[in-house]
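Can you keep this structure in mind? I'll have questions shortly.
Here the chain labels run A, B, C and D in written order, and each chain numbers its own residues starting at 1.
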């Protein structure tokens, strides 16, 4: 299984029935492919849609029904559309149960940097600062390392997204939770040892006595 | 002609084609009866309606299509309805061309008091403070005196509605404009002398050499 | 979102709760919910709403039954009983300019701490508030307002909780539906999911906690 | 409201004007108006919008043609030309969090001086701004934003200027339609007055200054 699929399947296990969820561009988008049967999740696109459905079949796209990347999507029965003020009222106002975003770096306390590399790449923060600041639960989906360097760092070298720490980081190696300013190794992926995770991680991790394997199969509870 | 009709007919001459207008409860409401032929005015009700039409015919009222006093109205073709945030966005945001309100007192500079008589009558300001603060033009419709006392006073004894002075006060005796902090007697009603107006007015009025009669017939220009 | 009986919805509300109640002079107020609050004799309530309607209508019924200890409203002029209880010191009445009230509620629902408005500057409304100058103009800082429960009236709901409103019964309802911990909606009509066009939904389903089932 | 030709609508816009342009990655941008701005070679424009789309789409065309001196946007990641012109110092790019941008535009249209948001606190976004504590939480004061012109795309207009939008093409359009001195709307369909239900109008006619006639 490739890294992206591992990450997406694991994060899909965070979904609960009735949740309002925002998925960022990239790996987070893949989470929508693994919603467990029997639960209904509302996916929000911050461009003004709740009830985002799959990519339309050939010939059935509409240019003004798109995701936040501008790509055509469909709308499920019960969808709603609204202006950008309502969209960010939902995000900033605490109505969003879960946001899944990409990350460039996460520090030992869970602080996230994901919107620019000074002098190199300045995409802008888009909705990321509001999402991290306002969502009830923030999950980061990212590869554990980039060019051999850990993305889970002691201190951020890139500009901060929000002073609100993220709750969970899921990589192809591990699931790491951030609570009370401390990073805890919650789960390790199949075929990966605790030592390998620690070696690939710059930040100090608290390692419980027993670290379970990362489950990837769909949750069956509602 | 009774005092209310004189006032309403005179204020109707302030209407121009395409204006967005809010009429308060009481005498201001009557202005809608005298819209000149050939012009189209948008009447806003602050409870969330543009395109307020006349009172419905017997048996054709709808309990959830009402004016700001809760009385059934009709909606003209091209009407729109919206929430209270949009309603006051229009009012506070400078989109309202004209508001016509009742008044308890107006002072020599045009400052209005119209929302409470301490210890006696406390209706609350409702939308009045936003309307006076935000509308492009503010016209007060009121009787010139109450219980023999002038309502156009030197200094307000009642709580202020807004620091923004009104533009015009129309009574059954006169039209008085407020500009640059000064009250000017613009027009006098038929059968009334300048001296009678001055006698009925506590505030100092500037009286031009020639004070024309208050015209009440509909304007014919657009 | 849970579908719930009228009785059970109101039973959730404890005495002393703060309620945002939609409506403008009773139009757009969930009248059945008001009647059930009376029947269950909830007391010491704080109500945030545009007005207290008139005796016998909407929030006016709660005033008459003396179930309220405080109201935050823009207007009480058409309910003499509110004025009498206020003058007698039995009911605390906080009067807020209507445009300020709606923005304070909206801010509460949108995660904003407050807004700057020119309304009220230089009047009794400014007492105790900060004044902030932006681009040479002075504004009052008005802070966000939230409550425990929102009592919402809609014209249409679908079975997952999307709401649409009718004409002037919309007013404060969609704003209040964002600004409380628990949102209880009562709709004139409940329709199958997919029947309301996405562009015509005003309150998206995920913000509604309870939809009152048709009796 | 005046109905006007596409040519005449754009001719009103002077060089150096500030424009709010609806759209999100080009979706909901009045593409025909963009093309006419290119044809008339308006220059030194300031654009306030969610993003600069991609090269060849919407606002991206204005970037490529180098007609802009400044943009105030939340995102430029999908337009490498914007990034290049910014790095080269040819284009001033003010990056604003999307939720803050939309509230600043809304404040400009609603007569508010600004809003308090938690977004950006503790980040580079807070530089030079006031921080205000409300109920123990710190907020940034973000001030209202207005522009000279709004370029609005609607799905439906009626002949007096009421506008309705389609699906995700709504986005910033209705907010910008309140926040500028002059509002120019281009609609896919212009329908007789009375055909759009009052509850389905999103932008009320009186705020629209010019409606572009169908060619």
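FYI, a contact is a pair of C-beta atoms (placed from the backbone, for glycine too) under 8 Å apart; a residue touches a chain by one contact, two chains touch by 3 or more.
The model shown is predicted, which means the values in this text are computed figures rather than measured ones.
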The pair out of A-D and A-C sharing more C-beta contacts is A-D
Here the gap between chain A and chain D, centre to centre from mean Cα coordinates and rounded to Å, is 29
For the pair chain B and chain D, the C-alpha centroid-to-centroid distance in angstrom is 35
Expressed in whole Å, how far the mean CA point of chain A lies from that of chain B is 55
Check: chain A positions touching at least 2 other chains come out as 49, 75, 81-82, 85, 88, 91-92, 133-134
Chain D touches at least 2 other chains through residues 103, 106, 110-112, 117-118, 165-167, 170, 198-199
Pairwise, the chains that touch are A-C, A-D, B-C, B-D, C-D
Interface with chain D, chain A side, in the complex: residues 45-49, 62-66, 68-70, 75, 81-85, 87-88, 91-92, 121-130, 133-134, 159-163
As the complex stands, chain A meets chain C at residues 18-20, 40, 42, 49-51, 75, 77-82, 85-86, 88-95, 97, 133-134
Chain D residues touching chain B in their complex are 1, 106, 109-112, 158, 160, 162, 178, 193-194, 198-199, 201, 204-207
The residues of chain C that touch chain D in their complex are 103, 107, 110-118, 130, 132, 134-135, 137, 139, 141, 143-144, 164-167, 170, 198-200
Seen from chain C, its contact residues with chain B in the complex are 24-28, 50-51, 53-54, 73-78, 83, 86-87, 93, 95, 97-100, 102-103, 106, 117-125, 155, 165-175, 202
